[in-house]
Every structure is written in structure tokens, then in C-alpha cells.
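Chain nomenclature is as follows: A, B and C, assigned in order of appearance, with residue numbering initiated at 1 for each chain independently.
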Amino acid sequence: MYIRGNITLETMDFKGADILSTKGLIRADLDVILERAKFFLPVAKKEKSSQILDGKVLAALFYEPSTRTRLSFETAMLRLGGKCISVVGMDSSSLAKGETLHDTAKVIENFADVIAVRHPQPGSAKEVADAASIPVINGGDGAGEHPTQALLDVFTMIEERKKLDGMTVALVGDLRYGRTVHSLSYLLSHFKVNLLLVSPDQLKMPDEIIKYLKKMNVHFSEMEKLDVAMKNAQVIYSTRVQKERFVNQDEYERFKHYYILTRDEIEKNNASVTIMHPLPRVGEISIDVDALPGAAYFRQVQNGVALRMALLSLVLGAKV
Amino acid sequence: MYIRGNITLETMDFKGADILSTKGLIRADLDVILERAKFFLPVAKKEKSSQILDGKVLAALFYEPSTRTRLSFETAMLRLGGKCISVVGMDSSSLAKGETLHDTAKVIENFADVIAVRHPQPGSAKEVADAASIPVINGGDGAGEHPTQALLDVFTMIEERKKLDGMTVALVGDLRYGRTVHSLSYLLSHFKVNLLLVSPDQLKMPDEIIKYLKKMNVHFSEMEKLDVAMKNAQVIYSTRVQKERFVNQDEYERFKHYYILTRDEIEKNNASVTIMHPLPRVGEISIDVDALPGAAYFRQVQNGVALRMALLSLVLGAKV
Amino acid sequence: MYIRGNITLETMDFKGADILSTKGLIRADLDVILERAKFFLPVAKKEKSSQILDGKVLAALFYEPSTRTRLSFETAMLRLGGKCISVVGMDSSSLAKGETLHDTAKVIENFADVIAVRHPQPGSAKEVADAASIPVINGGDGAGEHPTQALLDVFTMIEERKKLDGMTVALVGDLRYGRTVHSLSYLLSHFKVNLLLVSPDQLKMPDEIIKYLKKMNVHFSEMEKLDVAMKNAQVIYSTRVQKERFVNQDEYERFKHYYILTRDEIEKNNASVTIMHPLPRVGEISIDVDALPGAAYFRQVQNGVALRMALLSLVLGAKV
């Protein structure tokens, strides 16, 4: 997390803050964000309404397709009484005319009160934040970070299991290229979890994250087979093998369905396990799993709206 | 029309219903919808304002370009006090990453209160509706159905002629590939109309529709020449020959201007006839026809907003 | 400016007017527009809020990418309490199906209360305005006009220098193809300015504009070197050499950085000069210029929101 000027995390005042990464967050920050997300959950669930961001404008700058994340931000803003202006795709932007992200940010700050930016280039969200005088939330910057996804994942784990401390959480699939599991690992280090890192040898968690987990004294084990996780985890976090990260398409074909969660296996081994996935899924979780009470991946989406409501209201300094 | 759970058409309660087709509609349904559209017409005409859908969010999922239909839905929602989130085009969607329509629907239901979907694949609107727990309105699914167009067409005929029973209605042009005239035929079968089906032999109304009209005892005749319609119809419904449906472009060229309505011809034969068209027109109706009092195709657009206001408010259970 | 029906500029009543060009504007019109922009500046600056356009809908029809202009119009509308429906790009429009602009306009007038249109074809905004019964604002039509840019430029000059009469204004760069400097020249002719037209010989101001300036008795000089302007101007208006206008890319390369404004040069020669640019810049102004008090190009963006608020409220007949 990047904090501008005299706003510091110690005061718990997020007003004006940029949310760029999960790395710098401390447990107390997390508590503020998660409590605020919990507060807005009834609004995300359409049970209550709110006008807390009346008069505020969100600029959603999506330089690459990410319909889910964009609509989640827009929904969060609209259901809190705010308004949205949106840019979708590289072509429809001034970038086509050679403008720098710095200049784009200096322009957009005149339109909006807060920016959510998605960009294929790692570091681009920070570039926007450094230029803009209004708060910036990173909606994913390439292989970089995706902090709102990681935050909604932690929020979902707590919603589903009541607590995270003491839980065994399995991260399953492509741990090498999946930025989601990277951002999530940083966050989980704030809790007393037992991490199971399940991946093919070629798609193991990067050294940088492994070192970080060790430094933070996180209890974790790496493994290739799913069976231990399937028996012992309270949460299985499954991920898509990302075709776009593979140069060699044969290798992609080999790994894309390396782990498939089926209803039979889950019911036989661990009927109450919580199943999560950042979506879209492309076969990692069978459709028949959807009917299980522990299938939490669509509730994750709803929690994502609540979490983004929390961040938008916090960085805009709205009191609840 | 597809009705979910214990909501049945017999109770006239559309709350939660999906509007996927015109086929299952009964006359009593039509009456409810048309009455509601009439009620909202002053709002569509910008003479009155309404906040009846305050706090509601429409997701407009447009997987193929259809600016008119999308803007009509969005305008209907906004002018009733609601808000919109929109997806335009296939590329900017998660589908590019291989997500099924089923999963997309399970995601979107967490954002919106109602979905309007346009998709090139027949049956896709039903796929979305089967997955989503919120009401879904079909904004056109390929060669399948386009129920809101057909409903606004019937609404327009009644607005223009005061009634439909006893009227002679000519459907003119490409009756084979034009889904609009198919959906419309189903609806017109509920009224005591005399149908003139005017098309080149190669573009005749499909057998399925002809059988349906016979079964419903609709009085109709098929013909290739326009002259009978030009003399006797109270309503001429002209359609565009759809280039995109022809494999053979020579054939398209041959038929595209098979029937052209001109001011001279209309004034000479049938000055008070109502002229309709689903738009866009590409030459089927001369520009000079626009000045005739019976030129109703742009009023059709306005009626379309009122009709979509009716459907949105009905499926969202709003009382008027 | 095109005025429809019995609405005339003499009455100072802009209700229902189309804003298509800066050519026909008289000084009294300008005063009304600039005063209204000044009135809305605190709303554009997010210091005040307004609901003056509550219930009104803007259709933003952007047939070519112009994110800045589109977002500026949308922001202006939203911050005055209005709503927006938007079309971005040629492909997602009915034009792909062969519809004329005339028909598109007749359709859109049923959705919106006012249209902002951007189109690559000169004259297209007038085509839309001629067809539509609602007011139309030209958001740039190819090599034609860009009146809202010129108006916000004049508004910015007055905001920055308190007045325009008596000022020396230098227009620098591509004066041949840059429609912005053309529209701006027409407007500046209403003030007692001294114009310095600084360009390479190959990119001189077109004869038509030169003749107009002479006819209006504007004091101006043409020159190739920047030094006179750098020493004597109160306002330097720098422009981008537009790659897309050059057939010969070698020629583009030769001219693209013909004039570069640097902090050193400005501080040495004319420290208090106001620097303006319609953006995006691609090297004409060094980044280090941004820190100078006279660097007004990002304030221009904010003024653009206020100016578009002024136009939207005027043509919609809103009283302040």
C-alpha cells in the first residue's frame, strides 16, 4: 500500500490513500478494511441501500479486458450512490495518440474523485498514482499485483469459516504465474494459517514469495499431489492455468487440467471444505461442485463488491 | 416467455420473470405489458419523470453490436431512476478467457438486479436465464428471438391505429431470415388481424411460422407483389434484407432493394397507411416518406423505450 | 453556431441551440457562455455540487476515439445531476449496418435530451444537428471544427490572465492541420489580441483563416522562429503535430519536435508566461515545465468540464 503525504497507516485513516499492493499492509489495516467490507455486505447483497458516495465520481480505466473487475468496481460505486466514467480497451484511449500514463492521470484527476486502473504493464498503477492527486486503486497491473482480489479472497475466507487463524488453506494450480495467489500469500502471512502450496513442479510458487513466507514465519508446505489438501484443508483455493503466460502451448495443454475438483472427490474426502476460485474457471472445478454448500466462488464475487465498496469509501474519506 | 419457480402467468405477476420469447405469451400477458407501456409513454416522451426503479441496477450484456437496442434499454432504466452497467462486444468480456455463459450469469447476478442480454447464438438468452437468479430479458439472440422488438411493434401498431383487431397488416421483405417478423408473427396471432406476407419466393416465411399461423386460425395470404398490400393494408411493416445472412452476395444484391416504399406510391394508393420498420433501413423506405403522417418508424423507437420501461418495471416487481 | 427555429442569438437564449462551430458566434454570445462557465467552475473543481440537469440524459456519440473529450462531457453531465448513454467507436454502432447519420440522429433523439457527437467526417455534426430535434454539440468533426475546445481555450486564457484584450497570444506548431488553432483563431478575433502565428513554412495557417483575421482587423504576424513569442507573449499555445494528417512519414518526423518548450528557456525569457496545450502532448512541452506556475494545460482540462457544463445547461435551457 502506498500512502501519500501525511496520511499514514498508523492513524488508520485511509482518506486519499492509493491501494496499489498488498505488500505493505499491516494487520491493523486489514482489520479496518475487512470490518468496512462486512459493514457494506448487506448493500452488496441488495438488502440495503446507501448514498454514502453521493456526488462522487469513479473513473474506471481498464486498458485490458476485465469485465468482472470493472463491473464490480462500477457496481460498488453505483450502489453507494456514486457515479462512473469508464474507459475500456487500449484503442479507445488517448494512449493511441502517444500520451504517457502520467499525463493521462493528470487529465483524469480533473474528472473523477477516485481512479480504478487495470493495465497490462506491471508498475503502471503506481505510475498513475504517482501522477494523480486523487486516490488510485490498482485493479490489476499485468504480472504485478491485484490487491482487491486478494483482499476479497481473505474477506471471503473469513466470511465462510468465521476466522482465518488456525485454518489450513490450500493454494492449488498455477502458483508460478498466478498473480492472484502471490498477492494472496502476502495477505495470508498476517494470519496464523497453515499453507499448502499445491502445484506441478514447473508451476511452483516463486522463490521471492517462498522467502517472504519463511521470513514471516508462515507455516507452509509445497506438494505436487492434491490428496493431502483434499483431506486436510478447510479452504481449497483453485486457480486457472493462464494460457496467455505460456510460450509453449503444448506445456499449457499439459497443465491446464492438472487438478480438477469434482463433487465425488470432495464429498468423499472433505464434504465441508470451502472451495474458492478467482474466476473465470475453465474446467478446474466441475459444474456439479456448484451445488455443494462449500462452493464459495460465486459468493466471492458478491464479497468482492462489498470489499470494493469498503476501499472506495475509505480512500474517499466517507464515514459510516 | 419463461416463468421461474412459482411465478405463473395466470396471476399476471411478472415479478422475477424472464422475457425470452414471444411464443408462450397469452393475450392477457400482452394486455398487462401493453397497458404498462402506455402508462410509461409520457416518461419515454420526456414529458414526465419517474423514480420507480431507484436503487436498481441493469446489466446490459451486449455480445454483438446493437447500439439501438442497448441505448433503448439503458434509457428506459435511467429514466425510471435506475442505473446501468454495460458490457459491449465479445472481446471485452470474460468469454475471451473461455468462461461459459452459465458462469458469466452467476457472476453478473451479484452485480445487477436485472439482465438484458444480446448474443449472436440462438438459445443463449435462455442459457443466461437458466443460470441467473435475477430476471433476464432477451435483447435478441442471433437467428432466435427478439421479443422486445416484437412487443414494441405491436404496441406501436395499437398506438398508431388505436386497435389491432380487424386490421390488415402487411409484413414486407425478408420474411425468411428476419427474426423480427418471426417474433412479431407469434404475437399478431393473438389478434384478429389479416396478415399479408409479402416476399420474394426465396425469402418466404418459414414453414414453422406458417404452420403456427394456421393452427392459430390467423387469416393470412402469401404474395410476391407489393400492390395488394399497398392498396389494402392499414399497416405496412417493411424490413431490411440482412446482408449478414446471405452466403451468396450476388443473391443479396438481387434482393436488397426488392421492395422500396416511396412517397409517391403511398400517397397515390394509401395515403393514411402506417409505415413501420425495425431499423436500420438501408434504402427500403425513401427519405421523403419520413414527412408522411403515417411514417411511424421513428415513433417506434420512442415506443420501444416505453415498452422496455414496462418490462423492466414488471420483472422487477415495481408497482405503478 | 447553428440556431434552430425561432431561437436567435440576439435574445441570448441558447435553449435548443446546436453548438457546431465557433464561426458564427458574436462577442455577446461568448460573454454569456464564459460567464456561465465561470459560474460552474466550482462544480468542475468538485468544491460545489449541482443538480441543475436532474432528469436530463446526454447521448455521447463518439465515432472515433477521444477519451478526454468524451469523459469531459460525461463528467460535466454527471456533476450537474444528469445521466449519460454512450456509444464508443464505429464498430459498435448501427453504422456498421449501413445506417445514415440522419437516421441515427432521428433514433437518438428519442433517447436523449442532448447529443455530443465526435466523428471523423467534417460536416457530420451539422448532419446530426439537421436531423435531430434536440440540441447537438460538436465534439470535433475531423478536420472540421472543435468548438468546445476553442471555447475552453479562451475561457482558460481569461482565467489565467484575468483578461484577453491587450494580450499577446502565440499559436505554436502545426497551424495547417490543427483544427484546434483554426477554431481558436475565429474566437480570438472577438478580442483585441496580438496574435503570433509560429510554424514551419510547410505548416502555416491556411489562407482562409488569414483572410478572416485580416477582415476582422486582428493584429497578427506570421513567423518561423519561436524567439519573439518566447520573449513577448503572455500566452503560448503549443500544439501537437498530428501524425495522422501526414501522408509522408519522413515529413512528420522532421516536424514533430520542431518546437520544444523547456523549463530553462521559459524561466530565462518569460518566467510568468502562460503555457497551454490541447493535449495529448507528445514531447512539445518538457515534463519539467509542469512545475511552473504558468503551466496551465492541466487546468485547461478542468476548465473544459466547466465550459461543457455551461454549454449543456444553456442548450437545455436550465436557469442558474
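General remarks:
Basically, contacts are C-beta pairs under 8 Å (C-beta built on N, C-alpha and C of every residue); 3 or more make two chains touch, one makes a residue touch a chain.
As the structure is a prediction and not an experimental result, all values here were calculated from the model.
Between the two copies, subunit A and subunit C, the C-alpha superposition involves a rotation of 120 degrees in steps of 5.
For the self-contact between subunit B and subunit C, the two sides draw on mostly distinct residue numbers; the shared fraction is below half.
Subunit B and subunit C, compared by their mean Cα positions, are separated by 40 Å. Under the contact definition stated at the top, the residues of subunit B that touch 2 or more other chains are 88. Residues of subunit A touching subunit C in their complex: 55, 57, 59, 83, 85, 87-88, 91-94, 96-99, 102-103, 106-108, 110-113. By the touch rule above, subunit A contacts subunit B in their complex via residues 44, 46, 49, 65, 67-68, 71-72, 74-75, 78-79, 88-89, 240, 279-282, 287, 290, 298, 301-302, 304-305.
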